[in-house]
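In what comes next, chain A is part of two complexes: it sits with chain B in the first one and with chain C in the second one.
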Partner chain A sequence: MALELVVLIKVVPDGKEVFVDPVNFTLNRSMATNVLNPADENALEAALKIKDEHDARITVMTMAPPFAEPFLLECMSRGADQAVLISDRAVAGSDTYPTSLTVAAAIKHLGKVDIVFAGEKTSDSSTGHVGPGVAEFLEAELSSYSRSCKYEDGFVIAERELEEGVEVVKIPTPAVVTVITDSNVPRRATLRRKLDAQKQGIIVWSLQEIGLPADWVGLRSSPTVVKKMLPFPAIERKSKVIEVDKIDEFVKELVETGIIKQGGN
Partner chain B sequence: MTEMKKAEPPQDVSEYKGVMVYLDSFNNSLTRAALEMVGAGRKMADKTNEKLYCAVIGENTKGMAQEAGMHGCDEVYGFDSKDLAMYRSKPFSDILAGLVHEKKPNILIVPGSKNGRDLAARVAVKVRSGLTADCMDLDVEPDTKILLARRPDYGDSTMSEIRCEKHRPQMATSRPGTFATPDPDPKKKFQVEVREVTLEKNQLNENIISFNLKNEEDITGSKVIVSGGLGMGKPEGLQLIKKLADMLGGSVGVTRPIADLGWISREHQVGQTGETVRPNLYIAAGISGQPQHIVGMMGSKVVVSINKDPDAEMNKNADYVIIGDLYEVIPKLIESIERVTGAQPSPA
Partner chain C sequence: MSEFDAIVVGGGPAGTSAAMRLAANKLNVLLVEKADPPGSKNVSGGVLWGNSLAGVMPDWEKTAPLERFVKSKGVGFLTKDSSIDINFRSSKFSETKTGYTVLRTKFDQFLNKKAKDSGATVVTGVTVDKLAFEGNKVIGVEQDGDVITSDSVILAEGANPRVAIDSGIRPPLKDQDVAIGVKEVIKLPEKTINDRFNLREKEGFAGEYVLGFLEGGVEAGGFLYTNKDSISLGAVISMKHLRENNKTYSFDIIEQFKNHPSIAPLLEDGKVDEYSAHMVQEGGLASIPKLYGNGYMIAGDAAGFSFSNGLILQGMNYAIASGIAAADTIVEAKAGSGISEQSLSKYEEKLMNSFVLKDMHTFKGIGDITWGSLVHQKMPNVLEKVMLGLLMEDGEPKKHMNQIVKEALKSSGLKSSKLLLEGYRMYRRM
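For the complex of A and B:
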């Protein structure tokens, strides 16, 4: 039986095109176009690499409004076999708990799944909660912050990149693997596949289809609430101007206050 | 077993009391981030006049538990097993969620290291509560005991305050480097309870095959950081930055565009999408001071900005400002440090 792989994606505003408005210091997103979350491109590529080696089928999935459709088609043009869009008014305003719940319910609805791939984090909210949350709901093993992964006889062997170094883990499937940004080079879509994807189209599921009550998700069922926007905490600094010909006195001051050590550090 | 259910608030929120900190560890010692969270937790526990609980999981946690106690915890729970020497997502989250059900803390904070984030996200689902990531500031409202979790917005110059009013515990992570580590107090009274745990077979599925320690420099612990931005204009500028950093026994930092250009590895990037640092001395050369950079270094004790532009935003975030071309200013600074302190530039 073919390995069943699922790749979770999210469409986010393009970070490179977002710029800070110099007048009121707010972020100008009006010019920003949407892109596939960078880490999710690497998650898709990690799944495609497994498909290169094994008999596998890839389903890409996102919970989003219909504007995500072209991005799902793009993933199919790169080699995914089918795409699911979970689209329902009721999910609007979901925080990471109901998002993980909805995505996990949709994965269960797909049937047998061996490996779920997600990005380490999204570039807009950047919580990194959804991958581990999905693993928890699916009671699956988890390899987070993975830079590579392979499949071997019912196991995933992944390299996790941690602060202290690189850990190699071996976990049985079903497993969730979250993939770090820039950990591989995403392949391009082919024209042939583009045309096929257009013809095949995407699958759209509502909450009813995946069997979730509408009052389990959305803003009202999200434990966290954004209360207010605050200005950045400004630290008062004295901004004392040091003339270039008075640098010695400045360095002496740093030595006297213990910031620089006598005789070098 | 985590049933597919919605996040459920507890019947009686007032049963939840105190602050709990999960203590991250590596090689049987607490991480710096763990101690930072003890400091942040202590402040909130004092504000509400409640206890600070800590949880540490490992092979032999007693020493770590005592260290956490001296740094400000009231009750420390250690969970020992030879199978828990390394972080494993499933058993660690089971144990922490178990302690949450037993102690019912009002607030649970977890260091935002990679394993910490992995753990917190799983535990939030197990205890069916809300979790806020990457908080730059953690505070509690004394009367309502509501956690005020503040985090920077995406690429923005504002912060959101995120609350979890109905669900318990109220959970948050903060990036390592966000808070100062508290000083130990050998006279601090605390209780330590170490429990032996036996793991069921199915909890031990995660097999760690190997661990390769990183050689790359970790700038987050440096006392001095000299950072260069696009004002360097060419990769050679980094050699000058490094010369100054080496002389001061410090590390090299950069802004995001420099890491994007590939002039140096990502580990050196300071800011919202890089590292959070709080050295005694931060020298920013050729850096304009965008909010995404400032959030990564605002905890620094003394900040120096070297910039051609007297109006650069970086200057407003600096204690000392030297206006000029960094290619002229840094060599003068190096000479001056030699003269004043006797330090020698390394032959780079």
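For the complex of A and C:
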């Protein structure tokens, strides 16, 4: 029987185009274009690598408004077999708790699952909650911050990149693997698969279809409250070009600006 | 049985026009564009001249994202200290009788959406590798090892025709056939632009300049076009000169242009929003490859259809007209004897009967005139000396104009007999 792999993705505003409003301290996303969350590209690639080695089927999944459709098609164009969009007005305003709950319910609705992949975190909120949250609701094992993983006879063997070093874990399936950004090189979409993806289209599920009551999700079922946003104080940067052969001038400059102190007698 | 009646490679003006025309004739067409979003890899200045787009979109002037229509057209010679400009503005330049400045990222996205709306399958963000052949017949395109089959292919891939070259249906570009275009888009408030260029709402300025002050005698032309709330400005630099002067950098030339005393005030307080560089087709008639074969046609910049005579710089109208002609050729072939080299030869006939190849023939050899030290160095310097002689008041006794001209020519080393000859050649070819 084919391995069932699920990849969770999120469409986020391009981080390079988001800035903090200097007056209200709110995030201004109005100028930003949407992109696939960077770590999710690596999560998809990690799943595709498993599929390269094993008989597997990949389902890409996101919970989002309909604007996420082209991104799901893009994932299919890179090699995913199908895509599910969980789209329901009731989920609007959900924080990571009801989001994990909803996504876990959708995965259960899909049927048997062996490995769920997710990015380590999203670039717009950086909580890193949803992958572990889904593991909790699925009662599945978790390997977070993974830089690579493989599948062997009912187990996932993953390398976790931690501050103190690399930890290799072996966990039984069903398992959730969250993948760190830039841990692999995402493959490119092909014309053939793009055509197939357009033809195939995506699957859209409402809460009703995955059997979740509307009052379990949304803003009112979200415990997180963002009380205030504070910007980092701006760091003023300076630059000065000093020619290579003027080392004395360079040292003098460093001393005068207080970057280094004159020592000794 | 092929998957498509036609595949169009490239989602610029040529490709989208072809796709719209094919889809309007109920053909099953695939349009493939490498950029995502479409237009984001384009460096065109750009002014869309003429009314070609009406062929696929009668209401284009109301629906397309256009910046300003050209009310004022400038041609200028710049020397280090001076500029000698002709600025022609006319109320006879009504909106349909001239050109519109466009920002290609917006404009091309609109064209691709229109192609999709008209029924074409549009795929973006993927680059076709080459044509797929069976014998000498094109049976589709190849991408990453897959063949997508089609009865016919239109290559509208732009100024850098990789697919055509890699498929062996056109020779690689030669230095003399291309120039390097560098461009910046500089943000300025709409009102500031109106004030600086003496324009009203919707009215625009398009200027071409000879940059006669570049170090090492590098030959380059400059352009400056007004958009709604930005200025597109850039330089087109001879590839040959760039190669010969290895201390010359394209980014340096655009800086010199921007800092010129008569250009800098126009850009003051502007913020650079985009910068880009790309090849520009400059080869004229001599560089045009074989335009069709068994199952394929080449349109737009990929076919070398761009026009420049020093006064105007055009490409998009040629692209659109050739894209439409290619599409019509397929429609007619399908309705008649089918796709073959013979039936697609009608494409060239159509172009010969339209401004596309007529202009190329009329202005063949213009490149010898527009590129060369006469236009790029001698003329600007002679003109500057003449104007200074006529207009500068230095307390010395005044001279007759013929004396001023004679002295200016002498100091530039240009013989008046040679000037007459070159002037006559230029007059004839332009």
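In this text, the second predicted complex is superposed on the first by the 217 of 265 C-alpha atoms of A that agree within 3 Å, B and C clash if a C-alpha of one lies under 4 Å from a C-alpha of the other, contacts with A are read in each partner's own complex, and residues count from 1 in each chain.
Throughout what follows, a contact is a pair of C-beta atoms (placed from the backbone, for glycine too) under 8 Å apart; a residue touches a chain by one contact, two chains touch by 3 or more.
Bear in mind that the values here come from a model prediction, so they are computed numbers and not experimental data.
Undergrad: Taking the superposition as given, does A:239 touch the first partner, chain B, the second, chain C, both, or neither?
TA: A:239: touches chain B, not chain C.
Undergrad: Which holds for A:111: it touches chain B only (first), chain C only (second), both, or neither?
TA: neither
Undergrad: Spot which of chain B and chain C makes contact with more residues of chain A, would you?
TA: The partner with more contacted residues on chain A is B.
Undergrad: Scan A:194 for contacts with chain B and chain C and give back first, second, both or neither.
TA: Touch partner of A:194: chain C, not chain B.
Undergrad: For A:227, is the partner it touches chain B (first), chain C (second), both, or none of the two (neither)?
TA: So A:227 only meets chain B here.
Undergrad: Touching A:252, do we find chain B (first), chain C (second), both, or neither?
TA: Only chain B is touched by A:252; chain C is not.
Undergrad: Considering only touches as defined above, state whether A:97 meets chain B (first), chain C (second), both or neither.
TA: So A:97 only meets chain B here.
Undergrad: Considering the complex alone, what residue numbers of chain B touch chain A?
TA: 1-2, 4-7, 9, 26-27, 31, 86, 89-90, 93, 113-115, 117-118, 120-122, 124-126, 128-134, 136-137, 150, 152-167, 176, 205-214, 218, 223-224, 247-250, 273, 280-281, 290-291, 294-295, 298, 301-303, 315-324, 328-329, 332-333, 336-337, 339-344
Undergrad: In their complex, what parts of chain A are in touch with chain C?
TA: 74, 188-192, 194-195, 198
Undergrad: What part of chain A is in contact with chain B in the complex they form?
TA: 13, 15, 18, 20, 25-27, 95-98, 100-101, 104-105, 108, 123-133, 135-137, 139, 141-142, 144-145, 157, 160-172, 212-213, 215-217, 221-233, 235, 237-242, 244, 247-248, 250-252, 254-255, 257, 259-265
Undergrad: Can you check the complex and tell me which residues of chain C touch chain A?
TA: The touching residues are 30, 32, 121, 123, 125-126, 128, 141, 143-144, 146, 148.
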